[in-house]
Each structure stands twice: as C-alpha cells, then as structure tokens.
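Below: a set of structures, written as structure tokens.
Two complexes, one shared chain (subunit A), two partners (subunit B, subunit C).
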Partner chain A sequence: MEKTLKKENFNSLITGLKDKGYKTIAPKKDNNLVMLDEVQSADEIHLDHVQTNNSVKEFFLPKTEKILSYKIEKNKVSMEEPEGFAVKTVIFGSRPCDAASLPVMDKVFNWDCSDKFWVERREAITVVTIACDKCDSYCFCTSVNLAPDSKEGSDVLLTKISDDEYLVETVTEKGEGLIKELETVFSDPAGGTPERQIASVEKKFEIDKVKPWLDENFVNKVWAEFSTKCIGCGACTFVCPTCHCFDIVDECTMSKGDRVKNWDGCQFKMFTLHTSGHNPRSTQDQRWRQRIMHKFKYYVEKFDNILCVGCGRCSRVCPADMNISEMLEIIATEDNQKE
Partner chain B sequence: MENIYKPYLMNISDTIDEAPGVRTFRLNFLNEEEGKNFQFQAGQFALYSVFGYGESTFCIASSPTRKDYIECTFRQAGRVTNALRELNVGDTIGFRGPYGNVFPIEEWEGKNLVFIAGGIALPPLRCVIWNCLDLRDKYKNVTIVYGAKTVADLVYKNELKEWNARDDVNLVTTVDPGGETPDWTGKVGFVPTVVEETAPDSKDTIAIVCGPPIMIKFTLPVLEKLGFKQEKVYTTLENRMKCGLGKCGRCNIGCTYVCKEGPVFTAEEIGKMPDEF
Partner chain C sequence: MIEALRKKAEELLRSKTVDVVYGYGEGSVPERTRPVFITKPEDVNKLTWNKYCVYNLTTYLKKQEARKLGKPAIVVKGCDAKTITVLIKESQIKREDIYIIGVTCTGIGEPPATKCKACDVNTPLIYDELIGEKIENKEFSFDERYAELDEYEKLSEKEKWDFWQKQFAKCIKCYACSSICPLCFCDRCIVDKNQPQWIDPSAHPRGNLSWNVTRAYHLAGRCINCEECQRVCPADIPLNLLNKKLAKETEKNFKYRSGYNVDDELAMATYKEDDSEDIFK
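Moving on to the complex of A and B:
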C-alpha cells in the first residue's frame, strides 16, 4: 500500500498514535545528541540528522531488563515472572540500517529456543523507518548489502519526496494495519513518479571478499595492528544495533531481588575470564578479532547473515578513532593468503 | 511463552566436603512433578544459582542412572560459589538445565574405557564414570587415571576407595611431586606422565580426558603416542557462560558455541578449532 504523509500532519500522527494506545519513540534532540526516545508531541521530533546516536536495539533488548523476581524468606524462595514488558509501541523515524538489524537478531534470539523478552517486544513494536536523505563518511550500508532505503525489518518505510512530504510504503501486514488505523493522517499519492530523496552512500569494500579472508586468517598480524589504539571501552558494542551479548546478574536486598539481563560486550577482559583466572581472550587483539569474526564470519556461518548493518555508529563513537569500515576495506583488499 | 531463564527450585538435601574448598551438594526438585519430568544425559551442564548472588555454570556430577536426585560439585572460587558454600541442608537454590551435548556412551558399548582427570575436573567425568559403571556389562576394561596437586585435593575420596576395591575397575591415582603424604600409596607424578606409564592399550579403547588446559595439552600427545586416534579421545570444555543457550555470546571458540555444540568434544573436533582456549 502506498500513501503520502505531509510534515504538517506529524502532529495528528503522534496524537493519533497516542489515542490508539501506542507509545511513540522518535528521534529527539538532547543537547548535542539526537536520541531515539519517547515523544509526546510532534514538536519534539528532530529529523535533520544523519543517524541517531542510539540505535533501536535498546527498545528490543534494553540496557538492563528484569528476567525474574524473587523473594527469600528464611530458606524458602519464591519466584515471579516479569509481566507487561512488551508495550505497544511505534518507533517512528529510525533509519533503514537500524530496522535491518532486527530480522538479523531474530535469528540468535530464536535459535533452538526463543527468548520471550525479545520475541514479545518484537511483536509489540511497529517500526516506521525514514529512508536516509543524507549520510556521512562513516556510513557504509551499501558495503554490507543494504541501502539508505532498504526495507528489511521495517513495517513501514517513509521516503522524502519534497521538503514537506514523505512517500509512505507499507512493508508488512503489521505496517499496513497501522496505516489503516490512522487512515485520516495519510493522503493518497498524487500520481506520477515522485522524486525520492535518497542519500548516495559510497560502497567502500566488497563484502564477498571479507569472509574468505577471515576463514584463512585467524592468526594474522593485522589483529594486533588494528587493535593497538583500542582502549577496550566497549562503546562500539553498546551503540551497535546488532551487538547482542549480555550478562545475567542478580540485583537484590537480603529478602528480595531481581535477576537482570544487562548489555555486555566482547571488548571487555572480564567477558570471557574464567573463575580460575584463565582467559581465552586475554588480550585486546584477541577481543577485537572476536568482534570482527563474530560479525563477518561466525554469524554468517551459523545464521547466514552478516552481523553488521553499516550504520557506522561504532566508528563515530570510538574515542580512539578506530574505523571498522577502513579495516574491512583493508581485509577485503588483502591478498587471500595465509601468513 | 516460556521464560528460558527461569530456573527450577532445588532443595539441598545433603552436603559432602570433598577437599579443601570443594563441596558436593545433593539436590532434589522442590516441585515433584518437575523432578519426575526432568531428564538429562552424561556430559550435560547446568546453571546453578544462589538467589541474590547470581548464576554459575558447572556440570551435573551425578549419573543419570541415579534417578532421584542431582549432584553438583563445586570449588569455592568466585562470588556465586562462595555464596553456595554458605548454604546448608534445607536451603533452596536455582537450577537451569540440562544444557549442551552428551557423551555418546551407547557408541562406546563393547569397548574399553580410559578416564583421565585432573583436580577439580573429576566431577564432569564422575557423571559418565558412574553411568558406565552402572551399565558395567556393556563395557570391557575400565581404567581411571586421576591426579591432583596434593593428597588432600583429591575429590570423591570415598568413591576412589570404592573404585579401588572393585576388580572390574583399574584405578590409578597420582599426586604432583611434593603433594604426597607419608602414607600415600598411589603414584607421584603429573597426569600425562602417569598416563604414559600406565600405558592403556589403545586397541578398541575410548579415552575420556578432562582437566586444566595445561594437563590436557600434555596428555593428548601421550595418547597419540599410545596409538589413540583423535576421534576416540573425548573431552569436555568449560568456558565462561551466562545463558547456556547460545545467546549471550561469550563461550565460543571460533564458530563453535561450547554451550550448544559442546561441552563434549573429540580431540579431532578440538584440533580443528582455532587456538582460542
């Protein structure tokens, strides 16, 4: 289904969503940042950015989330399951790369057994993506088989067709349902082929050449070269829409507590540290290798997807100015020779 | 939808001190129905939790042939195991599992078995040892080589006595040089050396090895020298894990998730993994 949406109707859209019982998440200015966050009115929405600083990940896999509550009385324990965590929500105005991360992550969270916290949130959240009309030097979606107007993972895709109007394309039944629910906000297309304003994202490397190199180069001096600057802060893993590694810890008082799942990251030394003190990934180059291997080799072998959507956040946020697409460029052009 | 992170509640029905810092718990399901439906096989592991302290991963140390309970043996080392140590009979812990793959003991039928363990790595083998001993007529010769730093550090001392007394089990115990006591009658020496001296016949024999990485590293070449083919040598790995379900992303060695594709591997499979142990 195709419709159009005028900017002047954003307000009715947000009010409409509220009336229909949706929580709305949209890009919002927060000092120098643009963050996906809950909005109450269209005035709060900020669309003049390349990429939000946070990804959509935290709405599906929160930074910290309760997976169990318990009470301890003397030596008896009773458990209670969290409820109401999957809230009917619309994410409005996230980028195509963010949306594309969702079907990729579905695979790990449904592999063999399903993580209900992920699955139920996925069901409750509708993703309305806005295609990118601009990009920066960190963007590399076109190098990982995506595009600034990719539909993967979106329920609805909006594309700018003039300064004050968007073309609205429904991608899934869920998206179509949403548009129908708010019919009056949208208009029928004027006819003809509107000119879509889509960014031109430079292709930086041949992704097909990355995995064959990784297959042969678990041992290679580039890992140390790439990671010399790395300070192991893990910011890259937190801003990444596809980094999904987590920790499970207890937070409690003497008599009651919660078991929570927290974001964790492969760049931390503690991540793989055994109780004995032994650590299979004790140095930063091993941890950096893990990050690249997981995204461009292991995940591909297990789930037939690259665990990267080319959003560029890891490189934008890196305090040591490490740039993953530059590294992949080197890898893709290396002679496919084992050292 | 089921919450895959929700543990069973287990009652501690017995505790045994095995060695300094090492204790065994016998656990029963608080919910009888859950206990009746629970099934596992030798080699699988679980996540044990002390509410308020968190979860810790270790093997199920009892045999699936002993049906009414589960046993686990842990060394007091980190936050959770220290908290476990504080618990007593009658206390409740959480238990998630069983997870991972199993020792293919049916494939081993009609063969000789050599179990080789070092230190706190006997618990993962104890499960499969008792499983095979409870089905003793299905296997030919059974040899157990077990070593620890000192005599005090040997775990399951009562069971070692029991195995030693059986004529259908050949038990060889050893302690590291300097770890012996005046009345020690076992061997003195490191496990790989003792395996070489014991020289189990590799013909028609399966070897099951578990121990600290350094012990495994030096034992595998000895087995090779004795003629064991890599696909006849099994081990079980323990990496740091949080979910046990292939989601939390830390226990992998290359492409292999220890929690899903392991923890039981053959030496042949391990040989193909990248050097990330």
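Moving on to the complex of A and C:
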C-alpha cells in the first residue's frame, strides 16, 4: 500500500496515535543530543539530523528492568512477575539501520528460549522508519548489506519526496493496520514517480572478505595495534542497536528483593572476570577482538546474520576515536596477509 | 610546532630515552584527533598538534596495554600536565619514569572548551621539553576561576536536586567517565565491588545517583579540571559541574588547588589542626 504523508499532518498523526491509545516515541532535541523519546505533540519532533544519539534498542531491551520480585517469609518464597511492560507504542522516525537491528536480534531472543520481555515488546511496538536523506562519514550501512532506505524491520517506511511530503510504504501487516487506523492523516499519491530523497552512503569495504579473514586471524598483531587507544568503557556497546549482552543482579535485603536485568558489555574488564580471579580476556585487545568476532563471525555462524547495521554510533561516540569501519576496512583489505 | 614535536619524538626514540611516545594523531574526521602510540622513529610523522587535541593522554599511564610498550614520553597540554603532578603525589608514577613533552596551548575545541576560559596553564607547569613558544601564564581571581558555577549556584536546593535528577536519569552506566579519567586509577572500582554491593549497578535513579555522586566525591581535591569525563559522556551529562563545585569547595576550605605544585600536601590525605570544619553541616 502506498500513501503520502504531509508534514502539516504530523500533528494530526501524533494526536491520532494518542487517541488510538498509542504511546509515541520520536526524535527529540535535548541540548546537544537528538534522542528518541516520548513525544506529546508534533512540535517536539526533530528530523534535521543524521542519526539519533540513542538507538531503538532501549525500547525493546531497556538499560535496566525488573524481571521479578521476591519475598522470603519463614519457609516460603513468593515471586511476582512484572506486568504491563509491553505498552502499545509507535516509534516514529527512527532510521532504517535501527529498524534492521530488530529482526537480527529476534534470532537471539528466540533462540534456546523465548525472551518474553523482548517478544511481547516486539508485538506491542510498531516501527515507522524514515529513510535517510543525509548521512555522515561514520555511516556504513551499504557496507553491511543494508541501505539508507532498507525496509528490514520496519512496519512502515517513509521516504522524503519534497520538503514537506513523505512517501509512505507499508512493509508489514502491522504497518498496514496502523495506516488504516489513521487513514485520514494520509493522502493518496499524486500520479507519476516521485523523486525519493535518499542519502548516498559510501561503501567502505567488502563484507564478504571480513569473515574469511576472521576465521584465520584470531591471533594477529592488528588487534593490539588498533586497540591500544581503547579506554575500555562500554559506550560503544551501549549505544549499539545490536549489542544485547546483559547482566542479572539481585537488589535485595534479607527478606525481599528485585531481580534486575541491566545492559552489560564485552569491553569491560569485569565482563569475563571469573570468581577465581582468572580473566580469559585479560587485555583490551582481546575484548576488542571479541566485539568484532561476535559481530562478524560468531553471530554469522550461529544465526546467519551480521550483528551490525552500520549505524556508526560506536565510532561517533568513542572517547578515543576508535572507528569500527576503519577496522573492517583493514580486515577486508586484500593485502592484509595472515600472520 | 608540529615539526618541533616530531623532531623531539624522533630524537627521544632514536636515543632510546623512551620506548614510546603517547601523542595526538589525525582522527577519523578533520574535527577529531586520536591518541597514537609511536614506537618507531620513522613513524613520528603520525604525530600532530591542533585545536582538536582534546585528550588528556596521561590516562594511558593507568592502562596496562599502553604501559607494556615501555617507558613513555607523553605529549601534554598545561591542563593535562597537572595530572602528572597529582599522579606523582599519589604514588602512581615516579617523575623519572616518564618524559614530559609539554606543549603550549591557547585553547582547544570548537567552540573552545569551558576549561579554556580561565586557563592559567597555557604553558605547562611541569615538563622536560617545551614545544611552542612559552606563554606567560595568566592569573585569575577565585571568582573568575569558578565563574561557570555562577548560574548553578543561584539555584535553590530543590532546583539543584531536580536538575541532577534529570541529568542522572540520562546516565547509561557505560562508565566512560571513569574509564577516561586519569585519576580514576583503582584497579577495582567501588562500583565493581559486590560483596557488599556498595553501588547498585542498575541505571535506575538510585543507581545513577550513587554512581555519579561517588565518582565526583572520589575526585574531590584531586580533579585537575581536564573535563575529559564531560567530553566523553554519551548522555551529555555536565559532569564537570560537579567536579568544579568540589574543587571550589576544596580551595575555599583548604586553600588547595590540585595539580599546581608538587610540593603541596594533598588536601584529602593530610590532616592539619587548623583544617576548616565548615564543610561538615
């Protein structure tokens, strides 16, 4: 189904969503950042950016979340599971790379057991993506088999066709349902083929050359050379839409507590520290290698997907200017011989 | 200046005075630089110097990955050089274990960083070799030094509380603030200790408050105002406001400014009978 959406109708869209009981998340200016956050009106929506600072990840896998509460009384332990965490929501205006991270992560969250927090939120949230009309030098979606107008993971894709109008394409049944629910907000496209304003994202490396190199180069001096500057914080993993590692902790007193799930990241020294004191990844180059290996080798072998969508957030945010696409360019370079 | 820097680095590496030079190299975009670790004299052309050399490279003194490259020469601006003074005072390094390449600096960042506004260390206070023409260091009054706190201090207690609640809510607990801090050198941070769990690891209001306040407190009387924590925060939390406030209280109560004089007694590690007790309320 194809429709168009005029910018002047953004307000009716947001009001319409509210009336239909949806919570709306959209890009919003917050001082120096543009954050995906809840909006109440179209005035709050900010669209003049390359990429939001946060990804859609936190709406499916929050940075912290209670997964159960418990009480210990005499000989009895009682548990209570949280309810109401999956709220009917529309994410409006996230980027195609963010949306593409969702089906990739569906695989791990439905692997050996189904993660109900992820699955129920996936059902409750509709993703309305806006194709990128601009990019920056950190973007590399075209190097990981995606594009600035990819439809993967989106329920609806919007593409700018003029300064005040977007072409609306439904991708899934859920998306089609949403468009029908808010029919009056959308217009029928004028005849002819509208000119889609889509960014031109430079292809930086051949992804097909990455995994064969990784298969052979678990040991290579490149890892250490590239990562000496890494300070070992978790910023890259936390802003990443596909990094999904978490830690589970009990916040408790003697008689009651909450079991809480928190984001965790492979770049922390503590991530792999054993109780014995042994750390299988004792240096930062090993942790950096793990990040690349997990994204471009292990996940590919297990789930047949690259665990990276080329959004470039990790590189933009890195305190030491580590640049993931630069690493992948080194890896994919023909003359980069096995040591 | 770049040529002089490269020449010095080459000389130090050739003469084996040092094994590695921690310096600034070209970054992924023209508006960024990145830390580089030069071990071969023929690589000194990778060194650069410009207004985007924001990093306080002394932070790599706490990283085993950099330390294993051998004895370092470190390129430092005046602000960064203050860190070395603190690290010596706190027995983390010995003066003779490092070679300090001081660079004169008239401000970094675009727009210039807040710390540059009342900079009184355009020429580093400690160095082995100075690159760039010596600049007469300015002097600022107490009020001028802490002018960035003026607006904040006008807030009521309730407004301050609300301000920080809002700021800390953004924290994602990535710990970039402490990972980048050259003075956060504990091998095992209090946040990593879980028996007992001093600080909730969760990024919820209680966990975020206890982390951010503890981080700031551990830097009271120590922070040298390099602003690196604030620069790297992916959540854009104005962390240096906390550091600066604590620095102001330290100076007011103990007449101590961190990193200025290697002969000064550390404010938080020294007891004097006439120490002010006004801070206990």
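By our rule, the second predicted complex is superposed on the first by the 330 of 339 C-alpha atoms of A that agree within 3 Å, B and C clash if a C-alpha of one lies under 4 Å from a C-alpha of the other, contacts with A are read in each partner's own complex, and residues count from 1 in each chain.
Operating definition for what follows: a contact is a pair of C-beta atoms (placed from the backbone, for glycine too) under 8 Å apart; a residue touches a chain by one contact, two chains touch by 3 or more.
Because the structure is predicted, anything quoted here is derived from the model rather than measured.
Novice: Overlaying on subunit A: subunit B and subunit C, fit or clash?
Specialist: They fit side by side.
Novice: Looking at the overlay, does A:H278 come into contact with subunit B only (first), subunit C only (second), both, or neither?
Specialist: So A:H278 only meets subunit B here.
Novice: I'd like to know which partner A:D247 touches here: subunit B for first, subunit C for second, both or neither.
Specialist: both
Novice: Does subunit B (first) or subunit C (second) touch A:E8, or do both, or does neither?
Specialist: In the superposition, A:E8 touches no partner, neither subunit B nor subunit C.
Novice: Can A:E206 be said to touch subunit B (first), subunit C (second), both, or neither?
Specialist: In the superposition, A:E206 contacts neither subunit B nor subunit C.
Novice: Examine A:E195 and indicate which partner it touches, taking first as subunit B and second as subunit C; both and neither are also allowed.
Specialist: Neither partner.
Novice: After lining up the shared chain so the two structures overlap, which partner does A:W111 touch, if you call subunit B first and subunit C second: first, second, both or neither?
Specialist: In the superposition, A:W111 touches subunit B alone.
Novice: After superposition on the shared chain, which partner residues are touched by A:D215: those of subunit B (first), subunit C (second), both, or neither?
Specialist: A:D215 contacts neither subunit B nor subunit C.
Novice: Please work out how little space separates the C-alpha atoms of subunit B and subunit C at their nearest point after superposition, in whole Å.
Specialist: Minimum over all C-alpha pairs of subunit B and subunit C: 5 Å.
Novice: If I apply the document's touch criterion, which positions on subunit A are contacted by subunit B in one structure and by subunit C in the other?
Specialist: In subunit A, residues 247, 249 are touched by subunit B and also by subunit C.
Novice: Contact residues on subunit A for subunit B in the complex?
Specialist: Touching subunit B from subunit A are residues 67-68, 70, 72, 75-77, 79, 81, 108-109, 111-116, 119-120, 218-219, 244-250, 252, 254, 257, 259, 261, 264, 266, 271-276, 278, 280-281, 286, 290, 293-294, 297-298, 301-302.
Novice: Which residues, counting only subunit B, touch subunit A once they are in their complex?
Specialist: 1-7, 9, 49, 51-56, 77-78, 81, 88, 90-92, 94, 212-213, 238-240, 242-243, 245-255, 260, 274-277
Novice: Taking the complex as given, what residues does subunit C use to touch subunit A?
Specialist: Within the complex, subunit C touches subunit A at residues 27-29, 32-37, 55, 59-60, 63-66, 69, 172-176, 178-180, 192, 194, 197, 200-204, 207, 228, 231-232, 234-236.
Novice: How about subunit A: which of its residues touch subunit C in the complex?
Specialist: Those in contact with subunit C are residues 30-33, 53, 63-64, 137-138, 224, 227-235, 237-239, 247, 249, 251, 260, 262-263, 265, 268, 270, 283-285, 315, 317, 319-323, 326.
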